[in-house]
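Each of the next two complexes has subunit A plus one more chain, namely subunit B in the first and subunit C in the second.
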Partner chain A sequence: MHRKKVLLKVIILGDSGVGKTALMNQYVNKRFSSSYKATIGADFLTKEVMIDDKLVTLQIWDTAGQERFQSLGVAFYRGADVCILVYDVTNPKSFDALDSWREEFLVQASPADIENFPFVVLGNKVDRENDRRVPKAKAQAWCKSKASAPLRYFETSAKEAVQVEAAFQEAAQLALAQENTEADFLPETINLGQPTPSHTTKSSCC
Partner chain B sequence: MGQRKIFALTLAGKRVWSSVGDEVSESEVSSLTGLCTAVMGVCEQQGETIRSVSCGSGRIVCARRGELVFVAAGSSDCEAYLARELEYAYEAMLMALTSRVHKVLASSPGYDVKELLGSTGTVLSSLEAWGRTRPEPFLGAARAARLEASRRAQLAHVLASARKISGDLLVFGVALCGDAVLSVLQPTPTIERRLRSTDLLLLANYVRSQRAALVAAESSWLPLCLPRFDERGYFHAFVAYLDPAVDLCLVLVAADDKPETFATLRNVSKAIENALLRDGVLDALRDAAVEDYRAADRIAETAKADHFIFSRRRPLAAQPPKEPRAELALAQCLSARAVGTHHWAHYHALALRLRCGSAQPQHALATDPNTSAHDLFEAPLAASLVYATSNARTYFALTAPNFELYATFASLAPASDLAKRTHHILSLIKLEEPAFFFDPVSY
Partner chain C sequence: MAAPGSSDLDNQEAYLKEATRKVKEQGFFMKRCMDSSDLKGALNHASDMLRELRTGVLTPRNYYELHMKTLDELHHLDDFFGQLCKDGTKTASELYEQVQACGDVLPRLYLLITVGATYIETRQAPAKDILNDLVEMAKGVQHPMRGLFLRNYLSHACRDKLPDTGSKFEGQGGDVSHAVDFVLRNFSETNRLWVRMQNQGPSKERKRREKERQDLRILVGTNLVRLSQLEGVDVERYVQAVLPKLLEQVVNCKDSIAQPYLLDCIIQVFPDEFHLATLDSFLETCTQLRDKVNVRVILEAMMKRLAAGARDAQSSSSGEAVARTPPKAFAAFNSCVTKLLEEKKGAIELAELLRLQAALLEFALECYPGRLDYVNHCFGTCAAVLRQDPPRTEPLDDTEAEQLERVLALPLAPSGGLGGVLELTLFGELVEYLPWRRRRDVSLGVVRAVLGAGEPLDSVESVEKLFSMIGPLLRDGPDDATGGQQQKSSATSDAVPDEATEQLLVARLSHLFQHDDTDALFRIFGAARRHFGQGGIDRVRYTLVPLVFRALALARAVRAVETKIAEQQAEEQAEENKKPAEEPPPPTEKEPAEKTTDGEEEEAPEEEEEEAPAAAEAPAATTEERTTIKPPQYSSRKVFQFVHEIVTAMAGSFPSLSLNLFLQCAQEADKCGFKAIAYEFVSQAFIIYEDELPDSKAQLRALHSMVGSLLLSRGFDDSDYDALATKTTQYAAKLLKKPDQCRMVATCSLLFWSDDPSRVRDGRRVLECLQRSLKIADACMTSSSPPIHLFVEILDHYVAHFEKKNPMITPKYIQGLVALINEHIDNMDRVDGRADLEAHYRNTLARIKAKEIIPLP
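The block that comes next holds the complex of A and B.
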C-alpha cells in the first residue's frame, strides 16, 4: 500500500472567544479547558491522519482573533490549503464577522483560485443550545451564498467533542483535493540568445 | 540540536527537501519549519530580514531565496559556513528545477515542490554529504583530476573536434573521472556569460549522485540547469560512462532537447570514445582515475603534512598585470585524501579569520626570503595567512589572489619550519601545475 507523506496547512479564523484554540486542542490533544486565554499572534499544532490511503500531516494554525494581531495575517495565511471559519452560535456578532474574515483571508493569502478555495464553516458551542442566537438555517444559507458549491458547514462543540473530528477530517479532505491542481510546472529550455540575468554579472567569482 | 541539519521549505512552511531525509516525519519537523517561516514572515512584514537565531549552543541560519526558504540548524558550525551550505543547497535545487519554481510557487504558494523534485532530492543529499567531508564546496572549486600535460592536450583536442562534429550543437563538454574534472569544453567566456566553477562542481556532484542510474542506462538525456550560468532554463545533457569500472564519464551539453540532438550527441560521444581509444588517451584517463588522490598524497608526505587542500583561482604562472582570460579562469582544487574530518572545522575557522581580516601579514612566516610565497606566485603583498594549533596539530591557511592553501601539520612546529613545509607544498604543486590543473578548451 502506497503511503505518501503530505503536509497540509490549515488556518482557523474567527472572532476572539469563539473557541478556535479549544477546537484545535480538542482535535489534536482531545482536551478541553474552560478557562479562556487569548492567543497572542498565532500558535500551531500538528496531527497525522490517514486520508484516502495517504498519510497526511495537518499543520493547524490557530490565529489570534483580536484585531491588534490582524496585521500578522499574511505571514501565517501564505500557502494555506484550507481555511476553517469559526463563529459562536450564541454570539450573532461573531457570525456577522464571517464575511470579513473570509475576505481578509482571500486578500492576504491570495490563493490562485479564489472561487474554489476550500472553506469549512463551524458553528461552535452547540453544547449551549439554550443560548443559541444564530439559527442553523441562517448559517447554512450564508454557506450557500458564498460559492457555486455551498461551503461545508458543521455545528460543533469543542467542550463535548461534537463533530470536531468530522469537521477537521472534511477540511483535510478538501485540502487534499486541492493539492497541485492550481499550477503546472512547465520547464523551459534555455535561450542562449536571451540577455544574461543581471544578478549573475554582479558576482565575479566562482 | 547536535549534527547539522538543512531544510528547504516553501514560504508556506512546507518541506521541499531536508538532509534528514523522509525517514523523519512531517510532524516531527513541522514545529521547526512552521516556526521558521512564521518568524521570517513576521520579520519581513516589519521590513527586517532575519539571518540567524542563536539558541543556547545551537544556531539556526535562514536564507530566503525567492519563494523558497533555506534553514540550517547546527551547534558546531559558524553562521558563514552554514549560510554557504544553504547557498549550495539552493543552487543544487535550481539545477533540478530552474528559477521557474519561483513562478509556480508565487501563483500557488501551497504547491508541493517536494513531489516536483522527486528523486533528484538525492542530488541535494549528496551535495550536503560533500559539504561535510570534501574540499570542493569549501573552496568553491571543482576538483581537477591529475593527467599528464601531453595527454590533457590530446583530450582537449578531441573535445574541440567534437564540437565541430556536432555541427555546433555542443555547448559544453565535460570529461569526468569520478567526481574530478579531466577537461572542459566551453564557449569563450565573458564577464557576463561563462561557466562558473560552482556550476562545474554541481554538475560533478549531480553525475556522482545519479551514478547507478546513469551506468545502468548506458547513455542518458537529462534536463539540467547550470544556475550560475543562467538559472532560467534547462540545458540538455547527454551522459555516458566510457568506463564505469573507473568512473570515466562524458557529459555533452546542448541547448535544445530535440530527439535529433540526442542522436547527434550520441554519435559525438562515440566519436570521442573512438578518438581516445585510437590515440591511447583512454588508457591514460584510466590511469588518472586510478591515480586519483595519490599525487596529492605524495606531496603531503614529502612536505610532512597530514593533509592539505589547494585551490587555484587562476593559472599560477599568469603575471599580475591581469589578462582578461586569467580573470575568467575556472577555480580548480587539489586535495590530499582526508583521514577523519577534524581538518574541516579548523579550516573553516581559519577561513573565517581570513575573511574577518585577522590574518598575519605573510612575511611573518617568511623569515627566509626563499620561502616566501612571493617567488612562487607573484602575489606578495596581497597574500595573507593564519594558523592555529590544537591537539598537537597545527592548522595553516595561506591565501593570495590566485590561490588558497589549507594544510594540517602533525606537530607544533616553529613558524620558520611551517614556512618551509608550506613552501614545499606550493613548489611541488607549481612544478606539476600543467598536470594537476586543466585549461578549459574555449571555442
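The block that comes next holds the complex of A and C.
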C-alpha cells in the first residue's frame, strides 16, 4: 500500500552560505564539499528513515538563500511538516536573519497551528570554533524566546558530520508528531465517467 | 499566444483554486485506480490531471504553485510505476510504450518523463539513451512557460538518474560526458524558450513580459546548479566541456536579460577554483555582451566572490590546500576593464567607470593585502579617466564624487592593512577632483589610517607629503562657509564639536613625529608648525599644543646631549692635565659645546654644575667609548626659541592656554638649567596675566599655576626668584574679589618658605602674607556673617608653616586665631555650608591638638 507510506516535508531555510545544501548532502549522501555553490530555486532529496519503528520518507527541501534565486516565490513552503532554520556560528548576520526567515515561513506556509509549528534551529560550522561569533547561549536564548516550549537547538558541522544525524532525526520526530493534518481530497460527489468541463479549452496549442 | 489577459489577471485566485481542485480530484481518482491496480484508469486520470497544466491563464507564480501540486500527485504515480516493474507486472519498456498513447502532448510528455525515470532506475536500458530520448521529445512543447516547467520536471525527475561519475548508472548507462550533455541540452533548450518569450505577443505588453521572464528565470538557472552538482565535473571538464558551451550560449542568445542573469548564475553556482581556472575566458565573454548589459555588476560579482573566498581561506586555519588567488587574477580583471574602457568609452558613464575601479580596488585589497602597486594602478586608471583635454571645467556630480571618494577611502580602511598610505602616488591629484567637503572626509580617513597604522613619520618629506594629502583639515577651503575668523562670531554650537574632533585627530599626528637625531626631529617640527600655522587660530589651538610639548621634550633631549659633550670635554681636559709636564698642555676649550646662534644672553657653563651629579653616574661608559659626540646643529636654546614663537603667536587669542604653556616652558627651561630663559617665559606669562586675561576667574586659575610653577623651580637666582614671587603676591592682593584676594595671598605665603633648606626661607615674608590675608578677611566681615571659613583656611596655613618650623610663626598667632574663630562660630547663621565648615574646623583643631601646638581642651 504505497500511499499509506508516511511522507514528511522538511524545509531548510537560512541565509546564503550558511550551509543548507551541505547539511542536506551530509545527511542524505554523506558527502561534503567545502567550496561554496549557490542553490537556485528549491529542490528536494528524499530519504527513508525509521522513526519509532515506523518507516517514513523525508522529503527534504533545500532552498536558495539568496532572494534573487527564488524569483517564483515560495509556494513550496506550503504543506511543510517541520522547518529547519540554519545560521552560521561565524556570521552574526545570518543569526540575526533567523527571525525574518521564521516569520516569512509562518506567513507563507500558513500552518494550521502557528503557535506550535515545529522548528529546529541549527548553528552550523562549529568546526570553525575559533571564528565563532555567535555564542551558544545567545542562540539558546533566542530559541527560548520564540515559543512556549523552546525551539530545539543543535550545533552542527556539515563538514565533520557533527550532530547532523541527530538534528534531522529530531526534525523528523517533531514532524511526525505534528503530521500535516490537511485533509486528503474527498470529492463532493463521485461523478464517474463524466469529466467536468474545463477552462483549459482556452489553450490547446500543445 | 496564451498570455494571460487583464481579466485573467484579476481572477488568478479563482483560476488557481479551480485548477487545483481538479488536480486533486483527478489525483484522487488516479490513486483509487492505483489501489485497485488499474493501470489504464490511473493513466487516464493522470492525463486529465496533467491537462490542467495546459492552462494559459495563470501567471508564472501561480502556474508554479499548480505545477507543484501536480508533481505532488505525480510522485504517487512514480511510486506506482516502480512497484509495477518491481513485482514484474509490467516491464519498464512496456510502460514506456503505453504512456505514449496519451493524446495530448503535454500530459504525454509528463508521463513519459515519469516512466523514463523508472525505466532508467530498472537499468533495463542505458540511461544515456533514455535521457537522450526524453530531452529530444520535450521539444514537442514549444509554448515557453509550459515548456520551461516541463523541462524543469525533466531535470528534477532525472537528477538522480544521470550516469555521473560514481553513480550506479555509469558504465553501460554512459558516463559523465553523457550526463553533462543531457543537462547542457536541456539547459540550452530551456534558455531558448525563455529568451523567445521576449519577442512574443504585442510590444505594449513588453514590460509585463519582462517581469514574467524575471520570475521564470530560476527555471533556467536550475540547470546550471545541476551541472555544478555533477561529481564528474572537475576543473578540467569544466574548462574543456562545460564552461565553453555555457559562454557560447550566453553570447549567442544576444538577450540583455539572459546575459547578466546567466553569468551571475555561473559565478554563484560553480566553486572558486573553477573560476580561477577560467577567468580569462569568462572575462573575455564579459566584453562581448549587449550594450544594455551592465558589465560592471557582473565583474563586481565575480570579484566579490573571489575576494570572499580569499578571506575565508585566510581565516580558516585548517591547513587545507586552498586555492589562493593567483597574481594573474588581478591582471585578468584589469585587462578586461581596460578593454571595456577602450571599446565602450562613450557608452559607459564616468560614475560606472569609477565604480568599476572601486570594485577592482576592493578585490585587490582583499586578495593581495599590502600590494600598493595594485592600488596605485587603480588610482592611475581613475586619473586617466578623469584627466581630460581640455581639462574638465564641470565639477563631478554627486554620484561620481561619491565613487571617487570610495576609491580613495578604500585603501585607508583599517581592513585595507595598508601601512604605506604615504606611498599612494596620485592620491593628491585624485583628491583634487572632489568637492571640498568630501575632500575633508577623505583627509580624515587619511589621518585615521596614519594614526591607526602608528608608523612613525620620520622625515620632513613624509610630513610634507602627508600634509599635502590632508589640506582640507589644515586650512579653509574655497567653498568653506565656515571661514576661520567668521566662524568664531557666529559659532554654531553643533558644528564646533565636529571641527574639534577633527582637529584633535590632526593634533595627534604630532606624536608620530620621530627621529633619533634631534636635528632631524627639529626640522620635522618646523615643517609641521608651518602647516599647522596656516590653519588659522581656531585650528592651532588644537594642533600646536601637542607640538609645544613634543618640542619641550626635544629640548630636554638636546640638553642631555649637550651636557654629555661638555662632560666629555671636561674629562679630556682633566686627563691632559694629568700627563707629564713636558708635554705642552692642549688649548683649553672654555667655549660651551653649543653654538649660540640666537640672541639669548644666557651663558650655559655655570648651570652645568647642577647637571653634573646626575650625568656622572655613568663615567665608565664615557671613558670606554670615547667616541666624540657630534654637537647638535640645533641647540636646546634654539628649541626653546621655537616654542617661544609658537606660544607667543597664540597669546592674543588664547591667553589662558598660552599662559599655562609659557609656565610649562619655564619649568622645562628651569630643569635644563636655563635660568634666564625660564625667567623670560615666566615674564611672558606675567605679561599675559596683566594684559590679556579676560576675567577674575581666569586670573585666579592663572595665579595658582604661577605659584605652582615657582614652587617647582630650582634654578633661579635669589633676586630673580624674589622678584617673581613678590610680583605674584602683588597680583594676588589685587584680585577682584576680597575672598579670592584673601585666599590667594595666604597661598602666596608658600612662595617664601621652601622645603629645600638651601633655598629661600624668609619667615618674615611668610608672616606678612598671612597677616595681610587676615586683614583682608577682616575686611570681608559683615554684620550678618563673619568670614569664618576664611579664618579657618588661614589657620590651616599658620599650622602648616608652624610645622615647617618657621620661627616667625609662633603659637600665639594660632592661639589668637582659634580664639577668634571660637568666638564667632556659635553665632554663625545656619547656612548651607555650616556643617562642612564645622567639620573642617574640627579637623584643624584635632591636628593642632595632636601636634601639641597650643593647649586645647
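Note that in this section the second predicted complex is superposed on the first by the 169 of 206 C-alpha atoms of A that agree within 3 Å, B and C clash if a C-alpha of one lies under 4 Å from a C-alpha of the other, contacts with A are read in each partner's own complex, and residues count from 1 in each chain.
Convention: a residue touches a chain if its C-beta (ideal position, glycine included) is under 8 Å from a C-beta of that chain, and two chains touch if they have at least 3 such contacts.
Model, not experiment: these values are computed from the prediction.
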item: First, second, both or neither for A:Phe76, with subunit B first and subunit C second; value: both
item: Which of subunit B and subunit C A:Gln178 touches, first, second, both or neither; value: first
item: First, second, both or neither for A:Ser148, with subunit B first and subunit C second; value: neither
item: Touching partner for A:Ala112 - first (subunit B), second (subunit C), both, neither; value: first
item: Where subunit A meets both subunit C and subunit B, residue numbers; value: 5, 41, 71-72, 75-76, 79, 184-187, 196, 200, 203-206
item: Touch list for subunit B against partner subunit A, complex; value: 10-15, 22, 25-27, 30-31, 34, 37-38, 40-42, 44-45, 97-98, 100-101, 104, 107-112, 115-116, 140-141, 171, 191-193, 196-198, 223, 225, 228-236, 255-257, 313, 331
item: Subunit A residues within the subunit C interface of the complex; value: 1-3, 5, 33-41, 43, 64, 66, 68-73, 75-76, 79, 90, 127-128, 130-131, 184-187, 195-196, 198-200, 202-206
item: Contact footprint of subunit A on subunit C as seen in their complex; value: 2, 15, 18, 22, 24-25, 27-28, 31, 34-35, 48, 51-52, 54-57, 60-61, 64-65, 68, 72, 76, 79-80, 83, 104-106, 140-141, 143, 146, 156, 159, 214-219, 221-222, 224-225, 228-229, 264-265, 268-273, 309, 315-318, 320
item: Interface residues, subunit A side, partner subunit B - complex; value: 5-7, 9, 41-42, 44, 46-48, 57, 59, 61, 71-72, 74-76, 78-81, 109, 111-112, 178-180, 182-192, 194, 196-197, 200-201, 203-206
